[in-house]
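In the two complexes below, subunit A is the common chain; its partner is subunit B in one and subunit C in the other.
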Partner chain A sequence: MNTTTSADIRHTEGQRPAWSVKIVLALLVVLGGTGCGATPPAWFRLNMVEATKQKLTSDQERQVATLLAAMFGTPDDPVALPETGLDEAKLRLAAGPVRSDIVGRKNGLYREHCAHCHGVTGDALGPTAAFLNPYPRDYRPGIYKFKSTERADKPTHADMTRILKNGIPGTSMPSFALLSETQIDALVEYVKYLSIRGETELGLIRAYFELDDDAEGKLPETREFLVGEVLEPVAEKWKTAADALIPVPEMPADIDMVASIAKGRELFYGDKANCVKCHGPTAMGDGQANDYDDWNKTIVEWTKEVVGTDDKQWASRAHRVLDGDSLEPRTIPPRNLRRGIYRGGRRPLDLYYRIHAGINGAPMPAAKGTVPPEDIWHIVNYVQSLPYELDGELGADRPMVARDRF
Partner chain B sequence: MLVATTALLLSFGALVTTYDAAMAVPDWPGTFGHNMFLYPLVEWFWGPWDLFLEHGHRLLGATAGMLSLLLAAVTFRKGASPAVRWLVVAAVVLVVVQGALGGLRVILDDKTVAKVHACTGPLFFAVATAIAVLSGRRGRGDLSAPATEQRSNAVGQEALVAVGPVHLPLPSWALGASLPTALAVAAYLQLVAGAQLRHADATLAPSTFRWMVAIHLAGAAAVTVLSALTVIAWQPHESRVARRWSLAIMAMVMGQLLLGGGAWLFTWGIPSWLQDAWAPAEAVLARSPRGAAVITGHVILGMMILGAAVVLALEWGGADRLERIARFGRQGLRRPDGTEARLLPATAAVQPRSERGAR
Partner chain C sequence: MSHVHRVRFTIGASATLAMLLASPAFADDWGTLKGRFKFGGAVPTAAALKADKDVEVCGKEKLLNEELVVGADGGIANVVVFVRDKDVKVHPDAAAAKAPVLMDNKNCRFEPHVAFVQIGQPLTLKNSDSVGHNSNIATIKNPPSNSLIAAGAESNVTFKAEEAIPAQVTCNIHPWMKGWVLVRPNPYGAVSSADGSFEIKNLPAGDIELQLWHEKAGYIGEISVKGKSEKIAKGRKKIKVAAGDNDLGEMVLDANLFKK
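Here is the complex of A and B:
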């Protein structure tokens, strides 16, 4: 599109009229004088909740920040060590401030589309985070809910791409279907980068716990330790995610749907699947509803620890961290299955994954091991029928969509 | 023409922010090494959408700047009232500063400058609107009375009698004349608060952002109350156009509240307290034309409310006050006998002076 080179631009800038420079300088003086400083460069926030929890000293906090900067770079200048398996070119497209390059290609995609909720660090502490319910995902623990892999495994690249394209209905996560494949690909890569960085940070913070006395409270700064012992185990899980795909048996093409739904209903209310415990007798999420997801549970449990401690100095520091680096914990209500809103995707396959592996990070348990794979399809069929279920016990005497009924 | 160009300029500016296109052209004052005015039209029209917005915004800005300079030349050559002269000077200063801020935002790639740039834009629009209103009054040869209608009710006539043949009329709706001024100020402050939200840096703490949203919502309440009070205060006004103008502002404010709600939905989805009642089965589509229209429309309508409030404040009451300020009180407030005229409260103006003296 453009034949202009960056050298041309530099040449033009060199010829900029003097008046514009003078005005610019004058404005700088005025802005500086009125206290309006320039926006500081973006920076990665340290995981203060974990650092304070592990009672790290300020020197140790500084060491963690320095090591992370050496291993992962900065938000404007990311680094991908070969061991991470990440593509640095993709990271550079997503990182940094929003701007177009010389060929008009948009850079800084993460800050344009994601950072206002998920935060520059991926710590779910972006400016708008407090307004969202559920809160945005904190990438740092490396836990993801909606995926095609087993519960404890990482999502595949395709899983994350699907979430970006479809969004998460019933939450503030929008669909980015209007972005190009390249842009979505770059964003997925950057989210993985933030996750690997966050998990490495957790690994470093927790490593202080296992230090020998002669280490004098400092982590070894060797490649063997940092990459071999801390980074590689984290990165390996991401690299092998595609090997942990959930095996899904084919649903028989000639399945008797009425019988399957009846069987699914039996399982839903039965002891084996026991869906009724949380989703409730009406399947409207009216069962046990006082639980937290893993991200909120961390804060709830740590708050209890802080309140119960005798170390007043540490408690005071911890309270400051809780105020500034976490949001008010919220319980996670079980889904109302009659509304026809499926956060992890509405395909039968998506529901199969959810029931088989449960939802990582949430109280939803895995049916794997207790319910045979073919029976999971019956539960899927029953769950899909719930928004349209004819149920006299619920006061409805004619079929209609759930949103009208409930 | 300046007002129309500025309105289009601000609309482009709002779209630039909505689509985060401020850095679509990395150099300034040139465009990809070209002179801004010589950048190929084909590349502008058929290039990326971001580039279309940013380069279009720059061209419109340059047009507004040149129109301002032209206006200044005409104003000082042909002669104009002091208020118009001062406003034209302000417009020229603002447009130059605004252009430099735009350049600075690109050169430094700085959000703080972007925020200031977003605050100066509506200010320039308000000044341009004020110039248009005052020039229009002068063009109609009507410097001292409401422009569109003769006073016909008893209160208005008595008020004129009360102050004698001075340059300023005594508005019998004194409170009503102040309200649109307050409304214009509030509408401008709302645009400033909104600009802080739209240009919020991603490193901002959630607690700070929450306060900023609270201030914007409080500002929305203030603008709504002020527009409602304006409608109430201006209903006894003898001018049908003035009455309808105040109602139009109220309607725009109502529309603005709806657009604000829409902007919330497109940005953050259904609020949690509404989710039990209704939630869509599909996720919101990010960067959809519909969402961009609602969010950008919220900014544009805010600007229109500001412009309409400026018109109401000046056309029916405030223009003479502004002229007095522009003359530093040296002219226009003297009666033929040399005594100082001043605006009297509306209640005092109802009674002719002779009757008051007889008591």
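Here is the complex of A and C:
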């Protein structure tokens, strides 16, 4: 076992003398060792979809697992390097098995409330995941849909807190409003941790491809590479999320709502905003409906590669991975806007964010740059009127909710 | 006293340094690299795409699957060739050339199918159609973007980081539309044209490493020149560039490489 180099990753070694012990423990977990006692140690699953996609060897898979354990610890014993900007005390409250600590405070919040759907690794492969539609979010690519920041930017701490408190209407994500502020705060921090870890894992796996021949298929185990080149660019985006807030001009207080809704309708069906193309002529999501979101698309594209390959050994290995490490891909239906259920929140502001920046990870494009802010407000007003719009075409002469039809 | 000395010394040293830095550029040798990719097998016929959205515009011209485009004479279009070396010396003319690269949404397809840009060089996404499009760019090291592009409008994207592989560009409104963009830190890249040929100008003379990629084949694992086959791991091929013209000749890519 080569542990000498991994220990260099943490430069403030003096603060944590048990570091080498931790690595050995991590390795035991990685190598499949189980502890004795009531609760076997939990372990993070490797991102096998990406690992097989990049055709990693088993030695390379082992190196990724070892490096990740050294940089992030284990699900029972998380580590937050200072560069992550994460608060390790919060992570400890959320991590590990469900238990009470010495002062009687509940620990292991993530496993109590989240892991059964989102998985211990945050890979959305918890035991209940396959039965949910939509599937739970896979945190590992670090992509989040419902936020107040520009499309490619990370959600703020407040955005994630809001989702935890409100839940996501129209999905299986419940509200956790009954948890204390401290507990929600710890869970948000832990979800960020799983994302930063997952993105670092993707970075490591993808880095093999770019190695020079003289590296002999091994990633450099230096601080400069692991922290400087892989971890820091990921962590930086999380730290600066609040700098990327979407500017929202206020909706004029004296706005003529009838006129605004009419203008919004025009934009909805028009060639510029083009909402009709996906949300459909009835706004019930009956437009472009055979597209995938980023998470499912990864699996679809990867399956294509596997099926097409001549490398039989790799293909059979990859197929075994498909059985356990991903769910059957599903297309993403454009939202039915007549139901009045808005996943990212139903405030006009939430709808403004969605239209301005699009939805990261989903096909919904950004109107920013194409549709001026005042027009975005008109579309918001029209969308909000849709569940109550008189539907003359269908002969109904009363305010209608689409749900009535099903 | 000693201060004065130091100042004089510094001025003297920088003057010498400036002279040293300025002169070698003229002494450098630069070469042009050419080559042609040919399909090793029966010329495949491209399948028709089902353009079932905005038929009045997208159905005007018969759209074909462009994952593998092989000309009647066997030339393979859209093979990407770029220089892999990170610290490659860049010709002053080439470095300065950062005019926007156009990627047009025309007849509900991307033209060109594969675009090559440098870091900081704008990629202009234009919409020449009378229907709206959006361009969803799935870059890995640059923030991914997805903007609406209204009929007749255009939108510029610039990239800050280099990418190791081309990123997919798609339109979510018309999901059959697929294109690619490769972002590199230098101007040394080319995409083979309809007859399979490519040209990279102003390469520094000496040893460089090329990387070859194709949408369907991924990184090209094997090429064959004049009947002699050569395995190239991860599409990497080391070559020596001489001053003046360099021709890699006709490189045959076996049909099996494209079976995906």
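Here is the rule we go by: the second predicted complex is superposed on the first by the 360 of 406 C-alpha atoms of A that agree within 3 Å, B and C clash if a C-alpha of one lies under 4 Å from a C-alpha of the other, contacts with A are read in each partner's own complex, and residues count from 1 in each chain.
To be clear about the criterion, a contact is a pair of C-beta atoms (placed from the backbone, for glycine too) under 8 Å apart; a residue touches a chain by one contact, two chains touch by 3 or more.
Quantities reported herein were computed from a predicted structural model and do not represent experimental measurements.
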item	value
Contacts of A:Lys368 with subunit B and subunit C, given as first, second, both or neither	second
Subunit A: partner with more touched residues, subunit B or subunit C	B
Touching partner for A:Lys239 - first (subunit B), second (subunit C), both, neither	neither
Subunit B versus subunit C as contact partner of A:His157, first or second or both or neither	neither
First (subunit B), second (subunit C), both or neither touched by A:Asn274	second
Which superposed partner A:Ser172 touches (first subunit B, second subunit C, both, neither)	first
Subunit B versus subunit C as contact partner of A:Pro127, first or second or both or neither	first
Intersection of subunit A interface sets (partners subunit B, subunit C)	none
Partner subunit C, residues of subunit A touching it in the complex	151-153, 206, 209-210, 213, 271-274, 277-278, 288, 290-291, 294, 304-305, 307-310, 358, 360, 363-371
Residues of subunit C defined as touching subunit A within the complex	53-54, 130-132, 134, 136, 138, 140, 143-151, 153, 155, 164-165, 172-173, 175, 218, 233-234, 236, 256, 259-260
Touching residues (chain side subunit B, partner subunit A) in the complex	20, 22-27, 29-30, 32-34, 43, 47-48, 50-51, 96-97, 100-101, 103-104, 107-113, 116, 200-210, 213, 267-269, 271-272, 275, 278-288
Subunit A to subunit B touching residues, read off their complex	1-2, 4-5, 8-9, 11-13, 16-17, 20, 23-24, 27-28, 31, 36-40, 42-43, 97-102, 104, 106, 108, 111-113, 115-116, 119-120, 125-133, 166-179, 324, 327, 339-341, 346, 403
